[in-house]
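Chain lettering (A, B, C and D) follows the sequence in which the chains are written, and residue indices restart at 1 in each chain.
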Amino acid sequence: MATESRDVTEATETERELTMSRAMVEAIAWEMRNDEDVFLMGEDVADYGGIFSSTTGLLDEFGRDRVMDVPISETAYLGAAVGAAQAGMRPIAELMFVDFFGVAMDQIYNNMAKNTYMSGGSFSVPMVLTTAVGGTYNDAGQHSQTLYGTFAHLPGMKVVVPSTAYDAKGLMHSAIRDDDPVVYMFHKRLMGLGWMPSPSGPKTAVPKEDYTIPFGEADIKRPGDDVTVVTLGLHVHRALDAASRLEDDGIDAEVVDLRTLVPLDTDTILDSVRKTGKLLVVDEDYQSFGVTGEIIARAAEGALDDLSAVKRLAIPDVPIPYARPLEDEVIPGTEGIAETIRELHE
Amino acid sequence: MATESRDVTEATETERELTMSRAMVEAIAWEMRNDEDVFLMGEDVADYGGIFSSTTGLLDEFGRDRVMDVPISETAYLGAAVGAAQAGMRPIAELMFVDFFGVAMDQIYNNMAKNTYMSGGSFSVPMVLTTAVGGTYNDAGQHSQTLYGTFAHLPGMKVVVPSTAYDAKGLMHSAIRDDDPVVYMFHKRLMGLGWMPSPSGPKTAVPKEDYTIPFGEADIKRPGDDVTVVTLGLHVHRALDAASRLEDDGIDAEVVDLRTLVPLDTDTILDSVRKTGKLLVVDEDYQSFGVTGEIIARAAEGALDDLSAVKRLAIPDVPIPYARPLEDEVIPGTEGIAETIRELHE
Amino acid sequence: MVSVNELRTMYEQMVTARYYEEQLQEEYLVGKQPAFDISAGPIPGELHLAAGHEASGAGVCLHLRDDDTVTAPHRPHHVAIAKGVDLKKMTAEIFGRKTGLCRGKGGHMHLFDPDVNFACSGIIAQGCPPAVGAAMAAKKRNTDSVAVAFLGDGAIDQGGFLESLNLASVHDLPVVFVIEDNDWAISMPKDRVTDVEDGSRRAWGFDLPGERVDSDDAVAVAEAAGKAIARARDGNGPTLLEVQVHRRMGHFMGDAEAYRPEADIERAKQLDSIERIADDLRSHGVEDDELDEIRERAHERVDDAISWAKEQPEPSPEEAYENVFTNPPATAATDGGNEGGD
Amino acid sequence: MVSVNELRTMYEQMVTARYYEEQLQEEYLVGKQPAFDISAGPIPGELHLAAGHEASGAGVCLHLRDDDTVTAPHRPHHVAIAKGVDLKKMTAEIFGRKTGLCRGKGGHMHLFDPDVNFACSGIIAQGCPPAVGAAMAAKKRNTDSVAVAFLGDGAIDQGGFLESLNLASVHDLPVVFVIEDNDWAISMPKDRVTDVEDGSRRAWGFDLPGERVDSDDAVAVAEAAGKAIARARDGNGPTLLEVQVHRRMGHFMGDAEAYRPEADIERAKQLDSIERIADDLRSHGVEDDELDEIRERAHERVDDAISWAKEQPEPSPEEAYENVFTNPPATAATDGGNEGGD
């Protein structure tokens, strides 16, 4: 029936180039080896190794007590992670698709995110909530969202969105070591799964040793002088593609990868916008009341006089549709990004 | 023990001036009288008449079959409202505080909001989700939020936020008659409760007959030429107060009451901004990735050249704290609004 | 007691469903071989096939009318077929076509057919509350319609199901919950995640009758479901049923089931509810010729539906902006429209 | 068997809790009379008093150590007191003071005391999962600590509680769930919203022991809780307890209870667990003098806590920006800071 198991990531390691999935798992394994308090909970994280290979191999090394399959009770097990974190452990809990947040949002935002504040700092909630985000494989409206804005809007959680293997590993080390709740949103299309081929960008060289990437530092993935493109996750790669297509036309786009939404690196955005005067925000979340609005607002607050044009591309306030022509229409594509950069440049 | 029952609204009706609570209930009663398919579900909506008097008197007129107290099972009863609506009824379901959305968000946004789209229009979900929002009485982080941005961000729901009795009634008629799910967010402080005195603005003259207010039409509550203040809910009144304080200083602020977030009346915002060149957005939701960012982004997209300054006031990305000096600090106040308008005017 | 004619009906639905899944499996792999790529081929996205679940769909829906509501989970085809969902439009939907049930917007986990009051949701247990709501509507309107919510064994640990038991019970609503117990929730065996072997045991604590049908014998299912649905229709309230079924395929297409003992896979294939009901029919004197005829008719219907679906046009990109609302606002809320596809 | 000393302990905690609620009631009404204005006076916000619930807090916490975790719901004071939460800091918190347990950020529904592992949440049933998590941590670390989650009768219909029963049961975690059944959920009588009279009945479907203590006899509570907590501590898994208590006051301050039959209010006042335990003590030979002494000591402690709290400074406005994170980011995420208060 099946031609390949879904839980197999690409096996070749050419000179320590890793897929994003491998890089994530490597960081988790390192932390689990070095800190007995780190453990993992989620649906199908044990034998299956995570539907999107976010936990491959961990069961074998760490056993069922530290790599726990849990009932399909997101409220109970995410809330249990909060309780265990408050008791001093450092749980990593996986929400299989971010689209399922609605069954457990109270634990996420009223307990996980707020208990530190509401306790006046006497409790900490050092946990990582990992979750798969994104579309491009026609899984329709309940399995294709990113919901970046939804999580970034509510205070008390740090929100991380890696776009490469290098970033994924460093950000995971930081997330696990952080004393605060971190929502770690990995894009399925970037994981390097055999059954869902990634674009070429996310697989990168990754140091063997552990390292951290501080939260709140956006990364300029491509410097440029003409137009600023602020984006994250999958769309870093689409923006990079679009930028390189425009090179021949003499348009030099700068691509800023936010990497973390909370904290948000406003300075890097403003510096870039002051230089180029033109801002395009590209996002795979719903357009209104989300990431694109916030980035544009920060630019307008901080650099209004330097700003000569702004545009945004995001999901146009419709649920993500199933059929390919429909999904392609609503998720910003390389072509659309290139076109919009060109418009801004004119 | 108690000096007054919480469920008593102000009794006097001077020439058909109504409190917002009375106006809401009047619209609901009218629709229930005229359409057998309209019924009401919620916690403490029957004998108690709604903790914030959103259903006072309805049990007496319509009986327990149409005014139903329900178990503290928001997922079950909000989902049941979706099912009943899909079966052709027109339920009104109350979520006591919007802060509780996290226990039932899946039904709200994956079923209520999306089923119309995901069914390609073959199903409709004509229901109204009523919910109390807002702070100012020191009820802390799990009972004081507005979450305007959270709901407006996710597509498929119309989002309504009345600021006066007149608007409350007209918007409620529209909400119940609408074939789509409407989230009707009423601010506790505006309801005219005896035990939580309102400012003077929300109690207005209200026609006896039924009338509708179309969604997507912002209301200019105070015209002005110097600075545009875009806001909603409680803060319409704070902005009006601020504006009248500034009159003597010769500053003429325009106050735009959004009234509905989805659909959003971009045209009225742009017209105002083109006139004044200066935009202040005031919101009682968290600042980042929410309403303020969206309004500024729309202004920047549509009227960048006319825009000489933008500012925003909202909850500064902290959970709402309990103690009065802390809550006062984070909820934008009249003084702060006036000051910021003055800064913009300079 | 189940009549011969009812056996025939169930048999037909079961062979339709089984053959449908087999054909879909082939169609799904088009473009995905030799390397499995979920986003390649005419049917992308996830696909959860229900081979081995047929007795539950057929046995329950045998007692249902078009005006009764059914909600199904992510593994919905056998239930949809037994409930009488339009097979052509359903197939077109799975192929993402414009004339599909949902105009290509829903796909296989989100099939909606208002003509027979069928809907499904990809979120675990979240079809339960809407089924309770449909039952509530029926009761308020004094009709004798009922509602049935199907869910998996993995779903019985989810709040949405558990809360629904109470709401249905306290209002004595005409709804039946049917747990399809296939022993697995993706890679998780039941005993790793759920504290009881028999899910119907949950009923006691919510004061409604609970019953488990210990095999996927369609007759046993039909009898238990018949009682439960009659109880609901007569105004006597909800019931919780659990039916033992078998997962003959991976959780979704592309699942190589590395986690699953070979013996368990074999066992699931051996316990074939379709062979059993065929034997039942034979023991009632139905000839093999007639069984063949039924089967051929079913296959033809499926083949027709699939070829019809494949001929259907895809939706045009602009349609993505339609149907967010039944009553779209005059002011375009979604004026940010995102023209550029890739 | 409960010893006389244990009776003394419980009595002291119960009279402390009762007197505390009475004093808070008075303090809360300061500035709110004659017209009740929720936002006036030194203690604004909602206030849910637990007079009539004391036997449950005292009887359960009798068996708990500081390293055991307790989560409580919106009506937490009697539990907090019995668990040994710092009374002064707790009171300061309720008065919204800088030296309160939570620096004035949490208030009466959100009391956190890490020294005795106490926390509460204002969202129905949502303290259950964190209690399960604390129990999970204890088990992983091989300590013999346990966790107890308190909840109301209205909370047993909420998914967060029901899911917790399964998670605790399937992992045999050292956690006890205690339902405080006061017959009401705000204005809703139990039989209007919940399908069973005895909430502990829910346990059966989740394969854990369930027991109901049919009165708020502190001794009966202590015995049942003792068994359950010992079971948890010995590694034998979770238990569900229900305790009948009584709501002697409105749901929250300002609730005139118009919906509640006069007789029910009277009954709640008559059934006084404190008088009962005093009688128990007397029947064990404890003299009235000693009871008076205990009561006076308790009253003094409460009076001290309240006067201390009232002298404490309020937090300064800038503190609103602190404690969002334990490890605040270098880049200010919240750079939008909102200076202007009203």
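Note that contacts are C-beta pairs under 8 Å (C-beta built on N, C-alpha and C of every residue); 3 or more make two chains touch, one makes a residue touch a chain.
The shown structure was predicted, so the numbers you read here are calculated from the model rather than taken from an experiment.
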Next on the checklist: If I average the CA coordinates per chain, which chain comes out farthest from subunit B?
Outcome noted: C
Checklist entry - If you tally contacting C-beta pairs, which pair wins, B-D or B-C? => result B-D
Next on the checklist: I'd like to verify one number: the distance from the centre of subunit B to the centre of subunit D, where each centre is the average of its C-alpha atoms, in whole angstrom.
Outcome noted: 33
Item to check | Distance from the mean Cα position of subunit D to that of subunit C, given in whole angstrom | outcome: 44
Checklist entry - Can you give the whole-Å distance between the Cα centres of subunit A and subunit D? => result 39
Checklist entry - What positions in subunit C touch 2 or more of the other chains? => result 100, 102, 104-106, 110, 121, 123, 126, 157-160, 163, 166-167, 170, 192-194, 324, 333-334
Checklist entry - Residues of subunit A that touch two or more other chains: which are they? => result 70-71, 73, 75-76, 99-100, 102-103, 106-107, 110, 117-118, 140-142, 155-156, 262, 264, 288, 312, 317-319, 321
Item to check | Residues of subunit B defined as touching subunit A within the complex | outcome: 75, 99-110, 113-114, 117-118, 140-142, 149-150, 152-156, 261-262, 264, 285-286, 288-294, 296-301, 304, 307-312, 317-319, 321
Checklist outcome for this item: As the complex stands, subunit D meets subunit A at residues 69, 71, 100-106, 110, 112-114, 117, 119, 121, 123, 126, 128-138, 140-141, 147, 159-160, 163-164, 166-167, 170, 322-327, 329-335
Item to check | subunit B residues touching subunit D - in the complex, by the definition given at the top | outcome: 1-7, 43-44, 46-48, 51, 69-76, 99-100, 102-103, 136-143, 194-197, 238, 287-288, 312-319, 321-337, 339-340
Checklist outcome for this item: Residue set of subunit A touching subunit D in the complex reads 39, 65, 70-71, 73, 75-89, 91, 103, 106-107, 110-111, 115-124, 126, 155-156, 158, 178-180, 214-217, 262-267
Next on the checklist: Touching residues of subunit C toward subunit D in the complex: what are they?
Outcome noted: 157-160, 162-163, 165-167, 169-170, 192-196, 201-208
